[in-house]
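Next come two complexes built around chain A: one with chain B, the other with chain C.
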Partner chain A sequence: MELQLEVNNLYLYYKTYKGIVEAVDGVSFYVPKGMAVGVVGESGCGKSSTANAILRVLPKNTYKYEGIVKLDGINLMDLDDDTFNREVRWRKISMVFQGAMNSLNPVLKVGFQVAEPLIIHQGMSKEEAYSKAAEMFELVGLPTQFLDRYPHELSGGMRQRVVIAMAMVMNPKLLILDEPTSALDVSIQAQIMNLLKDLKEKYKMSMIFITHDIALASDISDYMAVMYAGHIVEFGPSEEVLLNPQHPYSQKLLASIPRLREDKEPEFLPGTPPGLINPPRYCRFANRCHKVFDRCWNEEPQYYKIGKEHYVKCFLHES
Partner chain B sequence: MGEAILELRNLKKYYTLRKGLFGKIIVKAVDGVSLTFKPGEIIAVVGESGSGKTTLGKTSLKLLEPTDGQIIFEGRDITNSKKDDLKWFRKKAQIIFQDPFQALNPYHSIYQILKEPLEVHGEKDEDIIMKKILSVLEEVRLVPPEEFLHKYPHMLSGGQRQRIVIARALLLDPIYLVADEPVSMIDASSRAEILTLFREIQKARKLSIMYITHDIATTKYFSDWIAVMYLGRIVEYGRTKEVLNNPLHPYTQALINAVPDPDPNNRFVKRPVVPGEPPSPINPPPGCRFHPRCPKRFEPCDTEEPKLIEVGNDHYVACHLY
Partner chain C sequence: MAFERSAWSIFIESLVGKAGLILLLFMVVMSGYVLLAYPMDYGVRVWNNDKKWTDLPRAVPPEWWDIFDPRDLVTHRIFIDTKYDYTTEIFGMDAIVYEIEYEHTEDGFPTGLTVKYANLTVYSQFGAYVFINITRPDGTEINLFFKQEPVPVGEDISFPYTLYPEQDALIQVNTEDTTIFQLKSFLFSQYGISLNKSVIEAIGGIRVIFGTPIENENQTDFEVLKGLYKIKVMFASQDLIDVERVKVIIGGEVYGILGTDTRRRDLFQGLLFGFPIALSIGVFTSVLTTAIGSTLGIVSGYKGGKVDEIIQRVTDIVYNFPFLPLLIFIVFIISRIPDFPRLIAIIGAIVALGWSGLTIIIRSMVLSLRESMFVESAKAIGASDTRIMFKHIFPNLAPFIFAQMIFFTPGAILAEAALSFLGLGDPNLPSWGKIIEESFRGSSLQLGMWWWFLPPGLLIMLAAITFVFIALALEPIVNPKLKSR
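For the complex of A and B:
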């Protein structure tokens, strides 16, 4: 199996007046070529920060940024900012940011907004760039006449397609999607998910799909990473994580999802995750865990490999 | 289940938008909706943005003036009642908003937040106020309640805040509640907890609730009836189980198909979807409002508007197929 992306012990801390926020705290996972990895977790668990760390979109108050991010075997962390900008961002890894569909420039036609990076970064002529933009529009299921429209003339679902077209225009190898459907109605959400499935299938696109909705993640993900309080607590093939979850948090999270097609009362998970400023130095889930024992209160568990590609950060699986 | 608490009869709410100097556009946000709420029953109003579900909820509370139709509350017609004559109704009918982060005044302690509605409705006795506040906090499981009194909203999690919002709505012992997307801003792991707790309280108090949601999956656990709305009209109505297991309207079917359960096999199949997006309620399509997107449309759909008819088992649908 060839890996598109390999993330190893990635850290991203922010400095605030209240203290250091340990948003991404030693995160490791990988994305095989042509596969989608769903990163799921509750708000504030570090999902978006992980994506930002991979794409090196760092705020000014970054306090600690280290680890290994390998794309096609090359450690991106060795590249200086200029090289990263020129060669990696948007060309090899691109991202659909959360709420991006509402951040389109309202005074520019959407066609220009898709074509612009080609003109600026790739030195294409205007005609070339527009024909590439038209190609992208077809790819994401938008009529090419829409190139001449302004964002306000498009519905939410169409604007989301434009944003996906923008992310695809430089033919990246890895596409990161951060809650790409959370602002859309369910019927439009299903249309966008079908589009993403198409892109993955036709272009062998590797993807990281970030969402708080584990059911939605299952709609596209071959692998799943469950995040909790800055850590990935479980990682593995979707079949394993969804049908045979081993971390108590994954188990509870899955049990709390209302299901339309099964007769199961949702269980609940009392309590709240710890804050990421001065988080506990023992297992971060200990205070909510139904299987907690002495050791959990004293040290932080490592990743334990419990299956071919199944990893769990929990003492229950030490042996 | 006894007498109806609230009856909405052919309720309409139109908005008038101005266009140019003399032009007028009418938006038919709610266009002829009838619902009957009995004690202890939850009706889930399900629909996408622009379907008119929130307008329906607010109009049912007279927070918006209805354009036409009737609102009968405990047998009294309050459709045209003036503000001053509605104080008794305001006590008995409450609303829970979507966003617990905006619904609470950040400068007020939980005690102040909960004291306000009691004071507004004339309670002056501090002891009674304190007793009521403590008991309602216990009811929403914020225990021990004394510990929460002097906290401020920012010190609470989203789930806890929403419980404060629920507690505030319960303080005046209402019999009818509109819950407008009460859990959509809350994390997935706390949603089930809030809805389960809310359901217990609702059963214990025999409350009638209009549960407004876009998430049809939660209706399974938090409703007795489902009303599916599309562009201001109810297109399907029935008992929750019946509608979920045997959806008849193509739009309801599409809504259910669009919601995945967590299942690794999802990724190998495409979800059946309805094309397009809901048209604007400013200019709804003629005939059946869903026909431009409907996979099963046929002859009369684009000219004749289907009526909501009973197809058995208290199950109603507005579709020419039936």
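For the complex of A and C:
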């Protein structure tokens, strides 16, 4: 199996006046070619930070940024910012930001915003870039006369399509989707999901699909990564993770989903996740875990391989 | 697009918007006219050149002031003749005659009768003679004046020769000795009144020319004679003679649309020239100020860190300077540099002291904008900082910056007027502030010469109000947009 992206021990810490925020703490996973990996987890667990770390969109207060991010076998972390900007960003990896409503500049025409990466990265003339943008509009199912509109003249779903067009405009190999449907109503969500599935099929596009909605993630993902407090606690093929979750957190998370046809009360997780400033040096889930034992309070677990491609970060699976 | 249309309609539907736009249009049209019709070096070549203004009366109110003045004021009249009307013969010489008809209707006497002529070309070696006659409404004719033009001497004189090529010959007819003598004999032969020369001079030659004598307590006085006067200026010579231009000036007590100052200058022209000056100062200063202020604000707010710190501290310092004293100081220092254009010094000084307020406001707006998703997304697609600042952040601030620019304009116009009033204005340009300064130095207020200081003052006000109106009309467009963001 060919890997499109391989992330190994990725760290991204932020420095704030309260202390160091360990947002991404030794994250490892991979994206096979043409497959989609769903990253699920609750708010503030570091999903978006992981995406930002892969695309190297770092805030000024970045404290620690290291690890290995291999795209087609080349470690992107070895590239300097300029090279990364020129050769990887948007050309190979692009991203749909959280809250498409706000990620479009309200005073610029959407056509220009879609065409802008081409102008920046390929030095295309405005006309060429616009015609390419028009192609992208057709691809995502928007009429081309919308090129000349401002974001506020479009509905939420249309804006989301614009943002996807913007991400697709340079035919990247990997598309990171950060909560692409979070602000949309369910029917529009379904449309967008269908569009994304089409793109995935048509262009054999690899995707990282970040969401807190497990149902949605399962719709498109071939692999699933469950994140908790800056760690990926479980990673594996979707069926395995969803049908046979091994990490206590994954189990609880899946159990919390209400089911329509089963006579089963949704469960809940007591307590709150640990703050990411000075998080515990032992298992970060220990304080909420229903299977916690002594060792959990003393050291941090490693990844344990429990299936062909199934990894869990829990002492229960040591052996 | 929809936004632009509605903003425009909000603007144009408001009363202040309409008024401001009409006033601005008026100012632009005036400036355009001046720039097309006046030479660029008007200030040096015309306005401050006293030779250009000798035809005009000194310090007189405008013509329409006659309506409000209880006296019947005489209008200043200038007649220009470039082609002689007929030829005649005087003492056996051929003469060309320039005849001017002047209808005197006012109760007062003119203040003077002046004849000027230029480029008198004489072909005869015996020289030329100038005669000035006046035929009065009562049919009497007075030979007011005659003189022989000087014949150049020397061996290298060639004929024909031209007299007065650069400066017009000027005959102040009513005070010439010849005229007084002629008037004396006219009075005796016509009315049997015998007055000696000094008495006529005391009465004033002009009253004799344009009046009829009345006996008044043993003293001869004159009453104005209304009607059509024909003034003939004749040039006689043995041979051909040619004159380029003859001017007959009937001195009056009112002149033009806005009167004249003590240097005989037509204030209307000066005030007209003030339009492009005021507009250019307003526009250049506000554009430069907002450009610098908003650029620094955007950079400061977006870059943060040391850059922000440096820009903000400098801004704090500049912001706390006392504006006017320092402005006077800077312009005064720069005015010591010879040949440095004062207008540029003034614009530069206002800009240098005026940008700081905007920087502070823009920075605070950028601080919130830079955290927005679209800036992060622009960073992610690999846009450079410069591109983000000016392609992504600037358009969000543009309506506000534009409104600020217009808000700043009246301040710049007033600052220039203030500097000019203090004598720091451009000495070569008749700006409105400069005209007020001259009127102040000419004691116009004490002398009641309202036409000298009032119109420029009103025009400065008008210019300021124009931009205030526009800014007021823009406010409802710009402000809710800012609030909604």
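The rule we apply is simple: the second predicted complex is superposed on the first by the 314 of 319 C-alpha atoms of A that agree within 3 Å, B and C clash if a C-alpha of one lies under 4 Å from a C-alpha of the other, contacts with A are read in each partner's own complex, and residues count from 1 in each chain.
One rule holds for everything that comes next: a contact is a pair of C-beta atoms (placed from the backbone, for glycine too) under 8 Å apart; a residue touches a chain by one contact, two chains touch by 3 or more.
Because the structure is a prediction, the values reported are computed rather than measured.
Novice: Once both complexes are superposed via chain A, do chain B and chain C end up clashing or fitting?
Specialist: Chain B/chain C on chain A - fit side by side.
Novice: Could you let me know whether more residues of chain A are touched by chain B or by chain C?
Specialist: So, of the two partners, B touches more residues of chain A.
Novice: So, does A:Pro172 touch the first partner chain B, the second partner chain C, both, or neither?
Specialist: neither
Novice: Quick one: is A:Ser155 in contact with chain B, with chain C, with both, or with neither? Answer first, second, both or neither.
Specialist: first
Novice: May I ask for the angle at the C-alpha centre of chain A between those of chain B and chain C, rounded to a multiple of 10 degrees?
Specialist: Angle at the centre of chain A: 80 degrees.
Novice: With both complexes overlaid on chain A, does A:Glu42 touch chain B (first), chain C (second), both or neither?
Specialist: Touch status of A:Glu42: first partner only.
Novice: Touching A:Gly26 in the superposition: chain B (first), chain C (second), both, neither?
Specialist: In the superposition, A:Gly26 contacts neither chain B nor chain C.
Novice: After superposition on the shared chain, which partner residues are touched by A:Ile257: those of chain B (first), chain C (second), both, or neither?
Specialist: In the superposition, A:Ile257 touches chain B alone.
Novice: Please give the nearest C-alpha separation between chain B and chain C in the three-chain superposition, to the whole Å.
Specialist: Closest C-alpha pair between chain B and chain C: 9 Å.
Novice: Which parts of chain A are in contact with chain B and also with chain C?
Specialist: Touching chain B in the first complex and chain C in the second, no residue of chain A appears in both lists.
Novice: Across the complex, what residues on chain A touch chain B?
Specialist: Against chain B, chain A makes touches at 36, 42-43, 155-157, 185-191, 193-194, 197, 212-222, 237-239, 242-243, 252-254, 256-262, 265-270, 272.
Novice: Flag every residue of chain A that touches chain C in the complex, lowest number first.
Specialist: 55, 57, 60, 85-86, 89-90, 94-95, 97-99, 102-108, 116-117, 120-121, 148, 150, 153, 163, 166
Novice: Name, in rising order, each residue of chain C that touches chain A in their complex.
Specialist: Going through chain C, the ones touching chain A are 1-3, 304-305, 372-374, 376-384, 387, 391-392, 395-396, 398, 485.
Novice: Mind listing the chain B positions that touch chain A in their complex?
Specialist: Interface residues on chain B, with respect to chain A: 48-49, 157-160, 187-193, 195-196, 214-218, 220-221, 244, 254-264, 266-267, 270-271, 273-275, 277-278.
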